[in-house]
Each structure stands twice: as C-alpha cells, then as structure tokens.
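What follows is a set of structures for review.
Each of the two complexes below includes chain A, the first together with chain B, the second together with chain C.
Here is the complex of A and B:
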C-alpha cells in the first residue's frame, strides 16, 4: 500500500470537476496543515478549557488561592444532590418541550415562507424580528410585560378572569413562560433553516405529484417532509443542544425561581460557580453538561442517518 | 460542531475568570474600588482631598453593582486587584482574610485611640473577622425599618403598629380595604430574609443566629427558627403580602412603587428606601413616607431595641498593595469632619460617634435622627444573614427562604433544608 491508491484515486474521480485540469494527486485535497488554524482555535478555546474544567472538577476551589485536590468528592456529591436531580429533570423536560413546540411551528412557517404568496415578504419580516434582538433584551422585555403589578399582564389578566395572575411567580407558570419566550426567540432562526430547506426542493417533484393527483397534504407528507429530513436533523440538534444550555433567558427572566423551580442545569452551574463560589462543583456540573449534550447530538445524528450524509435527492 | 459550543458553555467558568477582571490596572496610582451608586460622590471628594497633598495619587474605580462581587473576587490575587476596596465586612471579606489577602488593621486602631473611638462599636464589629479588624466604616448605616404610607393609614384611620397584635390587625384591616398590607419583593429573596432576621432576633435574641454564623448548621434547628418560619407562613396565609409578591422585584422598583402609589400600606426595607423614594417619588418621600421600628413580639426574648440590616460598608486594604501607608492614610480620612459632612449632605447617617450634632444639616434631619438614635441605642446590630454567612451557604439559604414564602416548602421542611447546608 504505497503510492498506488493515491494515484488511483484521481483517476476514479470525474475529471476536471472544478473546471481546471487535474493538478496531480493532491490537487483537491489540501494537506493536514490547513486544519491547523481550526485545530488551534478549537484547542485553545474548547479542548484546553474543557481539560482544565475536568481537572477543576476534582478539586475544591473558591477562585482564590490554589485549588485543593479532593478526588471524586464533587462527583459523589453531584450524584447525590437532590437539587441537581431536579435540575436534570427540569432540563430534560425543557428540552423535550422546546423541541415539541418549536419544530412543528418552525417547519410550517418555514415551508409557508418558502412559497410565493403575496403577503409572504411582509409577514416573514415581522416573524423574523425577534432574531435581531439579543437574548438579554428579549428576557428584559418579557419580564416587564409580565410584571404582575405594573405590566400589561396586570391590565389584561383581570379582564380575562384571572385577577391575580402572576405567571413568573408561579412554578408552572414560570416554566411555561421560559418555554414560550425561548420559542418566540428561536423559532425565527429555525424557520429560516426550513425556508432554505424547502426552497431547495425541486418544483418538478410537486408538478409530478400534481399530475398524479396528489393534494396539498399528500404532497407535504410525501415530498416536503422527506425532502427536509436533513434540515429537520440540523434544526433539532441545534434546538436540543441549545435547550440543554439555555442560560441567559433563565437568569434574567426568573433567576432560577420561584424558589428553585426553574433552576435548570446550566443555571445551577452558574449558581454553584458564581454565587456559591464552588468552582470545583460547578466544573463537575459543566462537564456533565458537555458529555450529555455531546452524547445526545451524536445519538440524534446516528439515529436519523444524518451522519451518512445521504442525499435527499438520490436518483434525480 | 456541537462540542465546542457546549465546551464553551462549560468553560464559562474560565472564560469569565479571564475576562471578568478589569477596572484597576497596574499603573502608578492607588486604585480604590467602589460599588457604583449615587453615594460615591462622598468618596470622590475624599480622593480629591487626599490627592491634594499626597505623592501617590488615588483613583476611584466604580464597578457596576450587579457585578461588583464577581469582579472583585476574580481580580483579587491578580495584578489587577485594587489597593483599597468597598465591601460589606463579615462574610463578604472572610474568604480574603482566610487567604491572607487583606491588611490587618488592628495596629492602626491601637495606635490611634481617637480614631478607634470615633465609631459606634456595634458597627465596627462587622468589619472584623475572628477578632481581627479588616474594615474601616466608609458609609452611613443601613438598618431595616418598617416604612409606611401615611396617606393610606390616614384614609383607613389606622396607626402604625407598636405591637405584633397591632401588626396582625392592620393586615386584616388593609386586606379588607383592598390594599396590600406589606409590599414585598419576592423575586429578590433578600427582602424576605429581612422578615426572618427580625422575627428570629425578636423571638430568641441574637444568640440564635450567632450560633449559625459561627458555623453550626444545627443552629437552624433552634425552635425559634421554626416558630419564625411558622409566623411567616401565617402572615402569607393572612394575605399580608397580597397574592402576587412572588415575582415582584426590588431592584426594578416594583415593591417601592406599590408603597408610594398607595397600593401597599407598609414595606419592611433598608433605610436606603428613603433615598429611593426621594429619587423616584420626591413628593411622597417628603410628605407621606412614615417609618417605625419593627415591633416587639409577645414573649420574645430578644431586645426590641435590636436592629437588623447592614451596619455599614467598609474599606479594606489588600495585603500586597504597593502603597500600604498611603492606603491607611486614605481609609483613615473617613472620620474627617469634611467626609462626615459630605455624607450627611448626601442623606446618609454616619456611624461616627459625634455625628449627632451634624445631623441637622441632613436633607431630612428628622429621619436621619430617627435612624441615628435607633442604631446608637441598639444593643445588637444583626448583620444581614446573607452577608454574615459564607456564599456557599448564603445562596442556597436565600433560595430556601424564597421557597418558604412561596409556600413551596413547609416551615418544617424549611428548617430541615437549612440544617442540611454545610
């Protein structure tokens, strides 16, 4: 196995794929050196901090002096911490709810926005508006809208038969508010993904289906959905990993409250690190999050066959 | 793709450590870190006077309030650390004192008895850790006071409460009138903590919390804590705080506005509530804002003259500052007459013994005198619990207090949860 396969490869490839003649065996395949900037960036800003966090999770450290090695203390505490258990459950529920709420809405909006209706441009511009606002601004706006004494909620609620509505002060209410506000914030992004995906579907497929007598629903069910398979995976992975790491919205909107009823895992990490100054414990939580989110996205990619990158347009 | 993103979330700990510093920098000036608020003008003037006849120039770095403790904690021990910094004494500087990062000031006080005697002793105590003095008072005192809306009381024909029975009667009266008896900012649990501080102190005296502050979590099992928690539940169930206190915020002005608009009758709050109203609703502050001490409790062992709150704020000096002498000279300027006059003119009530005669210069002499006498005559000044305890306990404690007020835990569960905190 020396140079033989290397010389064999370009021959097997369609010639002149980028318009120019083949420039030797390495023409379309840059050397490993090209990955260096990316690797360096990843190493310095992701791998190295993660390694440090892994080390910190084995220590007790309050941000002052030197970390004290305490072995697996943080990990045994984490395993038995009822607050962490609750946070995990809350995070999982939030992730599932986020996906279940955002996917259908974004999908339908995206497919609709890919069409050529007269009102499309104007309405799309309105729908995409939240995309322009920062998370902090969004959370602050909703906080004032939902103020039980001085916000619009205080005016509306008594008129719809709920005189003392205090959504953010109620455990279930606060949780629903987080789901709703993050949906309001992120649906535009996913709609954009689906719009792009839907625009890629060749019109000929729909024309053929129409000739075969397919209605709108049948066309959506048998053409649009299968064609958007990869988009659905991309969007779902973004949603799930995003929901597992939601933080800013929770911090500003509810502060993990009332009590600890919206304290999801990333918020608990912040609380442990920057309110209780237990950096070791916070690192253990952080590492758990990294592992969980990576595992979830790997599983999703594997299960959906996204990893194989099979074209949705095979045979066309 | 996903890994770096989550990794970045995980590394927030490090990223913030790396970027959180700032403010001070290693130049040839003495950096004084202040919590940013409207009262800093007093320290600005002090720096100006100091710089006029000192070779070393001092400079104030104002750090925005929300981030003050984070920024300080991350800067300490680095080259960015301040030379002199604002703090709350006690728990807020204990971790630095343990690490030997602060200059002990015992000698400073010992060498200058006049300086040592200038401060009210119960207040100075909060600036000491394990018997060593690390803090010099830099601000006015901030006791927690029961504020009330005079107009609302007049309309209901009521008098401010002098006993606990009065207080309970007022709750019923105002509930009937459709006025929230007590404004409460439940989204900021330190405001709920004020109720427990007073209830525990009035019921059992300062010893009950002192045991907890000394590091014995079993202290939470003292029957007084349970009784106080039950009183809180009783108040909540009577409607003392209305129905939607759980998401009201203090920092955004929610609770104070309820009081000034007359939608709530009373508000248990730190003395800064007065300045807040002076700023937000000046007419209300001068005309209708009333104030009384927290009433005694029937059968309570605590002295009804005790107060709770923030005795004052302190200046501490870092141990390896290049300007130890200048820093000491600067913090000692806080008992200068000019400094004290500046504070009074700004509405603060100084914690220096002789300040009494100057109080007439206050924008509100009556309120200033009320506060001054309240603090001067208090046998004990209970420092806010969340400042007296280390952050690893204080943060979950305030969450438990919030859960108690919200009815998410029973008084028994509350005690158990607190006793489990290490």
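Here is the complex of A and C:
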C-alpha cells in the first residue's frame, strides 16, 4: 500500500486514440467476473435468505426436520393476530418518535460541532463516545442505571418524591426509556453525519449572507438547512430503517415487557422464531419487516438519486 | 435546546459593519460566541457525560457501597475487584473471540467490496449496473428479517455454534454499504490515470492492485471501520447462531452476565467497560479515520 504509483509520468501525454480505435478505452477494464465473489457471498447470505424467508412464511417449521408447506395459514393468522397489530402500531410510533427526537438534536449539535473552535472540537470528541459502545453494552448500562432496587434511580427517586420509581416496569415509562436510550445511542452518529454535511457548505455562502446583513437565524434557515438537504435525507432514512429494526435494546432493556407493551415487530419475530420455535410464523413477520424497510429504501433511492450516483453538490 | 430569550442579542438591524475576520479558519457568521447553542451543547454534554461518569465510578465501588453511596459520589474505598471478577468470568476469552471475528469480517468485506466496486465503476455493461442495483437494494435488508433462513443455512452447512457462523452473515450484511462507499471513492479516480495505466499495458489485475487500491485508501479505511464496528457490536447473529461458551462473543458475554449476576451491578458494569476498551484504544489511535469513516457512511 504505497502512494499512487507510476501514474504521474504517462499522464502528461495527451490522451491518445480519441474516437475510433476500440482498444484504448477497453484496456485494463475489469470484466464482469470481478463482481462474482462479492455477489456470490452476498447472494448466499443475504439474497438467498430473502427468497427462503418468503418460502418459509408458507410453511410450518419447528427449527428441526423439514418445513411442512401450509399455504397461507401463517398469513391469515398474522392478519388476525392482535399482538401483531399492537406490534405494528408500537413500531410505527417508535419510528416516528425516534425521528422527531433525534433529528432536531443531531442537526443542531452537528451544525454547532462543525465550527472549528477548540471547545467545539473537544466537546465533539466526548459526544462521540456512545458510538464506541455496542447496543448490548448501552442497554445494559441503562438497565443498571434504571434498576428500581440497585441503581442510581433507586437512590434518586425517593429524594425527589417518587419512592417506587420503576420506569421499566411501567408501560409508558418503558416505552419512553427505549426512545430515550436509543436516542442517547444514535444521536452521536447522526451528529457526526450533520457535522460532516455542514463542513461541506461553502463558506462563501455565509460570507455573502453576512454582507447582505443576514443574522445567524436567517443564515441557518436559508443556507444551512437547504444545503443540508441530502444529509437530512440520508440521516432520516438511516434513522427510520434503524428504528424499524431496534432489537438488541428492547431484548435487553425490557424483554418486550411489561406484558407486551414494548413488543415491537422485530422483537415479536424473535420471540415467535427463537423462543416458541414457530419459524414459519416468524418468517411471515420477518417478511413484513423486509417489505417495510425496502419501501423506505426505494423511496430513499428515488429521492436522493443514489442510484444515479449524482453528486451531493449538484444543483447548488 | 431551550434557553432564555435574552441570551440572543438582536444585533441584526443595528448596524453590524462587516468586521474583519479575526479567526483564521473559523466558520463565517460565527463571530460572536453563540451563547444559545453553547448552552445547548453543554446540556448535551451532561446528557452524555453523567451516565458515563456514573458507569465508571460504579465499577470502582464495592458492591455493598454501590447502592448506598449514591450515584455521583466518588468511591470512598476504590477497588479493582469488579474488574478482577469480570476477568474471572472469562471476559478476556470473549474479547479474543470477538477480535478474531472482527478481523475476519474486515478482511472479507474489504476484499470483496473492493473487487465488486472496481467492476461496477470501470466495466461497462448492464450486468455490473444490475449488480450495483442489487447491492443498493441489499442496503434495505435488515438482518432481523433474514435471520431465520440464515440460521437454516448455517445449520445445513454444519457451522452452527462456531465463530465462522458469525463471520459469514456479518460480512455479507456489511457488504452493501461498503460497496457503496468504495464505488464512491473509486469514481473519484480520474480517467487520465486509468488511461495512463492502459497505455503502460496494464491489465485489470495490475490496474486494480497498482492504481485502484492505493487511490481508494480513504474509502477502504471507511469500509474497514464500518465493518469492524458491525462485527464488534453485532448481537443478533451471535445470539441466534451460537450457543456454547467457546464461541461466545463479547456482546453475548455481557448479556449472559446480566442473567447470571443480576445483583452484582458493579461487576457487570466493569465487564461493560472492559468490552469497550479495544474500541476505545482504536479510537485513540485512529480517531481521524474512525470519525471520517463514520461521516463517510452517511455523507457519500
């Protein structure tokens, strides 16, 4: 891995064989075979499973032996399952809340952190820390902090007049805790995205605005926000797909409870598949997740023009 | 982000002559310190910092003192017992397993995403465009959604309860993002450089090794960082695809601790801290590429 080799020298030559001569542009171009290793690997462990999950959703399978084809039974059951209905609603609420909580905070923090002042650099480094912890670790930390018997919450609660504070034991409390903990975990990542986005905004725009006498708010409203358009899309999609699939946090923090008050769709799938070993039914749940996530991503590809690989700077 | 109104002097209308920029490279429009934003940032510092402080302090406290002393008090009698207990419980073995899995995932992902991205960027034809589209769609597949068939495939391959079982799907799921990152950075290599290689008579392999790989180092670093974090923090695949202590990764190790030592919170938290140490070291050593890498995931 040494720096760009043997490149400067011939580059000086004028581009030979423009137009016509077919050999030039083809030389050194990789054949489609180059895609095969990656594609095979991805195919076996990601694409093939997608097809399999569709098939399994039409079967009854206990994890051992062979799946037994049962047609649309799982789907009929799924459509009438009140727990699934509840899980869908909870997932949607969680996703919306995630977006509403995380986007404004990350955007403001990111734009702030994009400044080059020393305080901002130091604080950004600290803001980054939760990113180094796994979801499992973060969920465990918060579970310990919020433990009604042994944790800091148990120490603080009586001193603020709430002796039996058991946030995780309360349906609304547990749900709010999941929103808060995932925000604590993921806002640093999105802050980073916005910080990167804000740093790419040409300084000349702000200088021009200042000459026009625009204040800080005006500049933010009319320069920063529109310029961050692409970052907002990317970050929002990551957030939404992420929130649809929060799983580790729910499993460790609440186990779907109390009751089934935090049983969101991916958790319901895990329960059905790996606790009750109803793999066929779990596959049907999984497929609804795929459909939801794919829909979001297709919209993203449309909106941001990722597919066409347009530059983020285009249309400025 | 709330602060009182007076924190924001309405100095707009009142003649603000364009003062000469005092700071060399500061962002324009930021001459006066932004009090409101600063207050918000310090509020967020508390949100991030206080739990981490409580976490650290708790790990040095004796179990008996933990509940009694209050979360903000420094330990009266600091001890390393909690860390010793976490190590006794095998945390180091789990860390070693995780390191092995992470290294394998990073290697696989970097090689496969680089070759794929090279073909996508440089070869002309519908096939590679189709491949790229497939990977883009792959971005949308959440691991949860296919964990059941992945389990089936792993069992069929006879790999259940091994580290390889975790490596394969983890790498496969990191591929789409990394292909996207690398096509982005390979597109930035100018055509003249490729033409120069071609004039030198270089075939695709040499072009790849001598031009493309060296020129896409930032992209490769990003891909490595991304896949390493995926592997290190992965939870679902280890949960579903392994079972025995020998193939336990750090995240599962922590999860199991929680079940076994419900009451020993300081011991558990010490294990959490230990689990983050390797990543923390990597952060301190390669902060720039880690941060830029994560920025790049969303930025490109």
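In this text, the second predicted complex is superposed on the first by the 260 of 316 C-alpha atoms of A that agree within 3 Å, B and C clash if a C-alpha of one lies under 4 Å from a C-alpha of the other, contacts with A are read in each partner's own complex, and residues count from 1 in each chain.
Following the convention adopted for this analysis, a contact is a pair of C-beta atoms (placed from the backbone, for glycine too) under 8 Å apart; a residue touches a chain by one contact, two chains touch by 3 or more.
Note that the structure is predicted; figures quoted are calculated from it, not measured.
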Legend entry - Partner chain in contact with A:148 - chain B first, chain C second, else both or neither: first
Inset, instruction - Name the contact category of A:53: first (chain B only), second (chain C only), both, or neither. - result: both
Inset, instruction - Could you tell me if A:93 is touching chain B, chain C, both of them or neither one (first, second, both, neither)? - result: neither
Legend entry - First, second, both or neither for A:241, with chain B first and chain C second: both
Inset, instruction - For A:65, select first, second, both or neither according to whether it touches chain B, chain C, the two together, or no partner. - result: first
Inset, instruction - Based on the superposed arrangement, let me know which partner A:101 touches: chain B (first), chain C (second), both, or neither? - result: neither
Legend entry - First, second, both or neither for A:286, with chain B first and chain C second: both
Legend entry - If touched residues of chain A are counted for chain B and for chain C, the larger one: C
Inset, instruction - Once the structures are superposed on A, label A:275 by its partner contacts, choosing first (chain B), second (chain C), both or neither. - result: first
Inset, instruction - Give one of first, second, both or neither to describe whether A:179 is in contact with chain B, with chain C, with both, or with none. - result: neither
Inset, instruction - List the residues of chain A that touch chain B in one complex and chain C in the other. - result: 42, 45-47, 49-50, 52-53, 56, 63, 143-144, 147, 149-150, 241, 244-245, 247, 266, 269-270, 273-274, 279, 282-283, 286-287, 289-290, 293-294, 297
Inset, instruction - Write out the stretch or stretches of chain B touching chain A in their complex. - result: 2-17, 70, 73-74, 76-77, 95-96, 99, 101, 186-187, 189, 242-248, 252, 254, 257-258, 263, 391-392, 395-396, 399, 402-403, 406, 408-409
Legend entry - Complex interface listing, chain A residues touching chain B: 42, 45-47, 49-50, 52-53, 56, 62-65, 83, 143-144, 146-150, 164-171, 174, 237, 241, 244-245, 247, 255-261, 266, 269-271, 273-279, 282-283, 286-287, 289-290, 293-294, 297
